[in-house]
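Each of the next two complexes has subunit A plus one more chain, namely subunit B in the first and subunit C in the second.
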Partner chain A sequence: MAKYVVKRLLLIIPIILLVIFIVFNILNITPGDPATIILGKDAPQEAIDQLNKELGMDKPVMQRYLKYVTDAAKLDFGTSYRSGKSVSEEILSKFPTTLKLAILSVIVSSLIGIPLGIVSAIRQYSVLDVTLTVSSLFLASVPGFWLGLMLILIFSLMLGLLPSNGIGSIKHYIMPVLTLGLPSAAFLARMTRTTMLETMRQDYIRTAKAKGASKSRIINKHALKNALMPVITMLGMSFAGLLGGTIVVELVFGMPGLGSTIITAIKMKDIPIVMGSTVFLSILFMIIMLIVDLIYAFIDPRIKAQLK
Partner chain B sequence: MKKKKVVLNNKQSQIADVWFRLRKNKTAMVGLFIIIIILFFALFADFIADYDTKVIEQNPVERLQGPSFKHIFGTDAYGRDLFARIVHGARYSLSFGVVCTIISLIGGGILGATSAFFGGKVDNIIMRILDAFMCIPAMLLSLSLVSALGPGLENIMIAISISSIPGFARVIRSVVLTVVREEYIEAARACGVSTTRTIILHVLPNAIGPIIVNATMNVAGLIMAAAGLSFIGMGIQPPSPEWGAMLSEAQIYMRLYPHLVFVPGLAIVITALSFNLLGDGLSEALDPRMKD
Partner chain C sequence: MSLLEIKDLEIIYTNGKNVVQAVNGINFTLDKKETLGLVGETGAGKTTTALSILRLLPERTGKIINGSVNFDGIPLLDLNEREMQSIRGARIAMIFQDPMTSLNPVLTVGEQIEEALMLHNIDNESKEEITKRVDEILTLVGINPERKKNYPHEFSGGMKQRVVIAMSLACSPELLIADEPTTALDVTIQAQVLDMMEELKQKLDMSMIMITHDLGVVAKTCDKVAVLYAGEIIEYGTFEDFFINKAHHPYTEGLFGSIPSIEDDAERLTPIEGLMPDPTELPEGCKFHPRCPKCMEKCKTEKPKDFIKGTHSIKCHLFAEEEN
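Moving on, here comes the complex of A and B:
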């Protein structure tokens, strides 16, 4: 087991290097050199040249990439072009809002999605099941920004119940969490339903039925444990997806999180912030997926046996 | 009756079979029907409303009107007919959804099939690079690509296509891998059928089902992604009638003129939903377990 964990941890390193390489090269072809962005177009050419040199822009791309990676290993992602603050400081000050939003959304979506998925699998083709299938397809077709705007329209502008902007209180989080959580709940419900239906078709369920076990015993003792295992992977995936989804939702609800920081940075060509946040979120995604895989290996006796 | 028909058209039996099962699926047919209507609007947009005078030209006298006989969806803040703008916007959404899906299908197909056929080191290298791409949240990847390439229709299309290539490559790789291992492929090879012929006649028809389902669902995702980019202000710019851009323009008028936000959003939802319904129906119709 320990060997497996170490192996997986080591395997993640080349992927991280590759991710940084991709992001670095994409953002490197962004038009405009950093000194012109920082000092403005009207600055004297000598000053621009000098600042570019100070920033290391005269060195080849590969060399700059290596410097970026070694700095990033020390959690130094460079300095913002606009505010002059360090990028890691900026990320750490904005990230808690985004993380809070993502965690609350995961909790809400799994509390709604998983039980609904189980019940509609047990009662396949019932009214609840059909409603769930249709509404999950519908929610999969609603873009987050529009769902958010519609919630604002109903609950803030028409009913005046909830604030539409800011992060002052827990009330401010209700609509953003619903915007992110509802589509994710629909996805989870659908997936849970599929795995549960597949489990119910397994031989050991038939054996249990043949032995005369009651329906509730079959579901609680035999089916649920096996059906919920793939759901853990999906939870991890949807959590990672929510971290990306917060970008638009933060914009709609005017929340000062990492997402709105990235959008502002892209519009203002503040490349270090864009690069740092993208790398940060991608690494976070990898770590979440790794943790999910490890949990999976830990609780699934089949994988556990293979590792021994 | 119907069974006879399937048996008679032996050569087309697979397609006929799938079509027969798809036709029984009401929701999928509703999806297909709406897609055809949207396609019709997109193709004949210029006949329905003139681009320069109706969609772009401002008409302050008629600004911010509610729905009426003259303007069924009302007018926007510049007095432009919302219906005309929605109709022309269908062109953007369909081209983003369909064209970008085709591009990423080709890209993903080449990468995935190469990976599956050669295996070993080639497979490893391609898949690790794609893994790295998949770790970057799709929205962030296309945002960085747009900011690097600059705005403009082609660049946005490239950015969106690239972000969905890795997913396709993975699906196509795994589908091709399972098909190649089947006995009928081995039989074809044993009979001395050439590799090209094997791929075209035996591998492709058997691998295409899951790929079509994925592509259909992907169209919906890309339509929403493209609208999202324009909503943020990094995609198609106003006054072009892109649905996401229209939404972001209308946001400030939301309190007093909610129809300005409601209509473009609903257009996105209906289009995406139709593709999802069709994809869902296709996945059922193409599932071999559903036969008979």
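Moving on, here comes the complex of A and C:
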């Protein structure tokens, strides 16, 4: 197992090199150079050329790529063109907000989604099941910004219960987390229901029934572990996705997180920030996927056997 | 009194629109220590009949619309779910067709056998005693008890079926229903498993219902045979009635005829022509008449009765004529 983990961690290196290469080239072929954006269109050409030279933009792309990679290996990701702060500092100051949002959303969505999905499967076609199906379809199809605005309308403007903006207290996180968590809970509930129904149709469930096991025992002991495996993958993916993708919610609720930082950086052609966050999120994504695989192995002995 | 008595059993599957008449009035009895073979093609209603005894038909679609199942004097169809649970696994156990899928992949085989014992722990045995029982049962089916810590995927097909058998025998049931226990296994393993089941049956004084489409298996294991066609028993009798007696239902003759013989120099097998009728639209009269080589006018309109001679009963007009 330890060997497998080391192997997977080492595999991150070539993948990251490739990711950096691709992003580097994409940034290179997009129009506009950083100096023009920093100094403005009306700045004299000499000043722009001068700044571009200072930023190293006059060198060929491969050379810049190699320099970036060697610097990154020393954990130096450069400084932001805009703020002049180091990239690591910039990312690490914004990341906690996003991380909190992502963790809370995943917790909320699994606490709501998984139990509802299970109940829905056990009571297939009941009133509860139909209600859940309809409401999850609704939640899964409304766009995040709309849900966020509706929550603000109800809880901030009409009821005055929750702050609409900022990150001061835990109260500030309630609506953003619901905005992210509810649609995700809806997806999870649908998925749990499907995999649960699928599992309940398996032969080994019939075997357990033939042994004389009660319905609740069959669900808890025989079905859940098998049914939740695809759900865990989905949770891992959505967690990883949330880390880089809470932009809409960050904008709607005025939260200074990583998502809005990346968007601004792309607009401003702040290359070091874009590169730095890409590398950071890619590594994070791969580590989360590794953890998901390890959880898998923990649950399913067949996968554990493969990891040896 | 017989151990199991099934009367006029009728079962349908329905999805709201279509109605599949899976079992259409089945009667049979099984005495203590007897083995009954249920023989028939795929879709004849063998498994449905077996599942209905344990009340394990698919909840939403399968319905028992008529008949009774009496087990040791208990009307099984009238029991509530909790009473039924105390019978399943304890007094009536079932072995399913495919050992590859009938064990839970995430539990060790030891846990799965142990569960059967824990669920019906009437004598309040301690954890150690149950563990000892698991070891005994595994030894009984020829598996090293040390392997109880292994998961199903670490066993071969034949070994898995042994585990399934061990699990079903854990509580020494009075009746064992074996639904094609050897179909998914290769021929050499088949023989081993059948021998083992026969031996255990003697040792534990069980009755058994052996569901199969293999007449070889029937010849090897059964005291009584029931041939099912389109949800009806078309021929029913003792081992002698089938394998010594010459009078048979044309369908049974077809089954015997389709077995390849070692001596004959035949180029092709002789199958029964045609297919089983669509169970949503069963034919009028005798259900076998569209495929029957000896079909008469009468067969197309009039349902044949059971013509009984001693222990042997045949549902066919041919024998009515003989009687007259």
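We take it that the second predicted complex is superposed on the first by the 288 of 308 C-alpha atoms of A that agree within 3 Å, B and C clash if a C-alpha of one lies under 4 Å from a C-alpha of the other, contacts with A are read in each partner's own complex, and residues count from 1 in each chain.
FYI, a residue touches a chain if its C-beta (ideal position, glycine included) is under 8 Å from a C-beta of that chain, and two chains touch if they have at least 3 such contacts.
Note that the structure is predicted; figures quoted are calculated from it, not measured.
J.: Quick one: on subunit A, after the overlay, do subunit B and subunit C clash, or do they fit? Just give me the call.
T.: Aligned on subunit A, subunit B and subunit C fit with no clash.
J.: Per the contact definition in the header, classify A:Leu251: touching subunit B only (first), subunit C only (second), both, or neither.
T.: Only subunit B; A:Leu251 stays clear of subunit C.
J.: May I ask you to decide whether A:Leu149 touches subunit B, subunit C, both, or neither, giving the answer as first, second, both or neither?
T.: A:Leu149 sits against subunit B, while subunit C stays out of touch.
J.: Tell me which of subunit B and subunit C touches more residues of subunit A.
T.: In the superposed model, B touches more residues of subunit A.
J.: Which partner chains sit in contact with A:Leu92 here, subunit B, subunit C, both or neither? Use first/second/both/neither.
T.: The answer is neither, since A:Leu92 touches no partner chain.
J.: Check the residue A:Arg302 against both partner chains and state whether it touches subunit B (first), subunit C (second), both, or neither.
T.: second
J.: Look at A:Leu111 in the shared chain and tell me whether it touches subunit B only, subunit C only, both, or neither; answer first, second, both or neither.
T.: neither
J.: Please indicate which partner A:Gln202 is in contact with in the superposed arrangement: first for subunit B, second for subunit C, both, or neither.
T.: In the superposed model, A:Gln202 contacts subunit C only, not subunit B.
J.: Rounded to whole Å, what minimum CA distance do you find between subunit B and subunit C in the overlaid structures?
T.: Here the least C-alpha separation of subunit B and subunit C stands at 8 Å.
J.: Overlap the subunit B and subunit C contact sets on subunit A and report the shared residues.
T.: No residue of subunit A touches both subunit B and subunit C.
J.: Considering the complex alone, what residue numbers of subunit B touch subunit A?
T.: Going through subunit B, the ones touching subunit A are 27, 128-129, 131-133, 135-140, 143-145, 147-150, 220, 224, 227-228, 231-234, 244, 247, 251, 254-255, 258, 261-262, 265, 268-269, 272-273, 275-277, 280.
J.: List the residues on subunit C that touch subunit A in their complex, please.
T.: Per the touch definition, subunit C meets subunit A at residues 54, 56, 60, 81-82, 85-90, 93-94, 96, 98, 101-108, 115-116, 119-120, 151, 153-154, 164, 167-168.
J.: Would you pull the subunit A residues touching subunit C in the complex into a rising list?
T.: Contacts found on subunit A: 124, 202-204, 206-215, 217, 221-222, 225-226, 299-302, 305.
J.: If we count contacts the way the header does, which residues on subunit A are in touch with subunit B in the complex?
T.: 14-15, 18-19, 21-23, 26-31, 134, 137-138, 140-146, 149-150, 152-153, 157, 240-241, 243-245, 247-248, 251, 262-263, 266-267, 269, 274, 277-278, 281-283, 285-286
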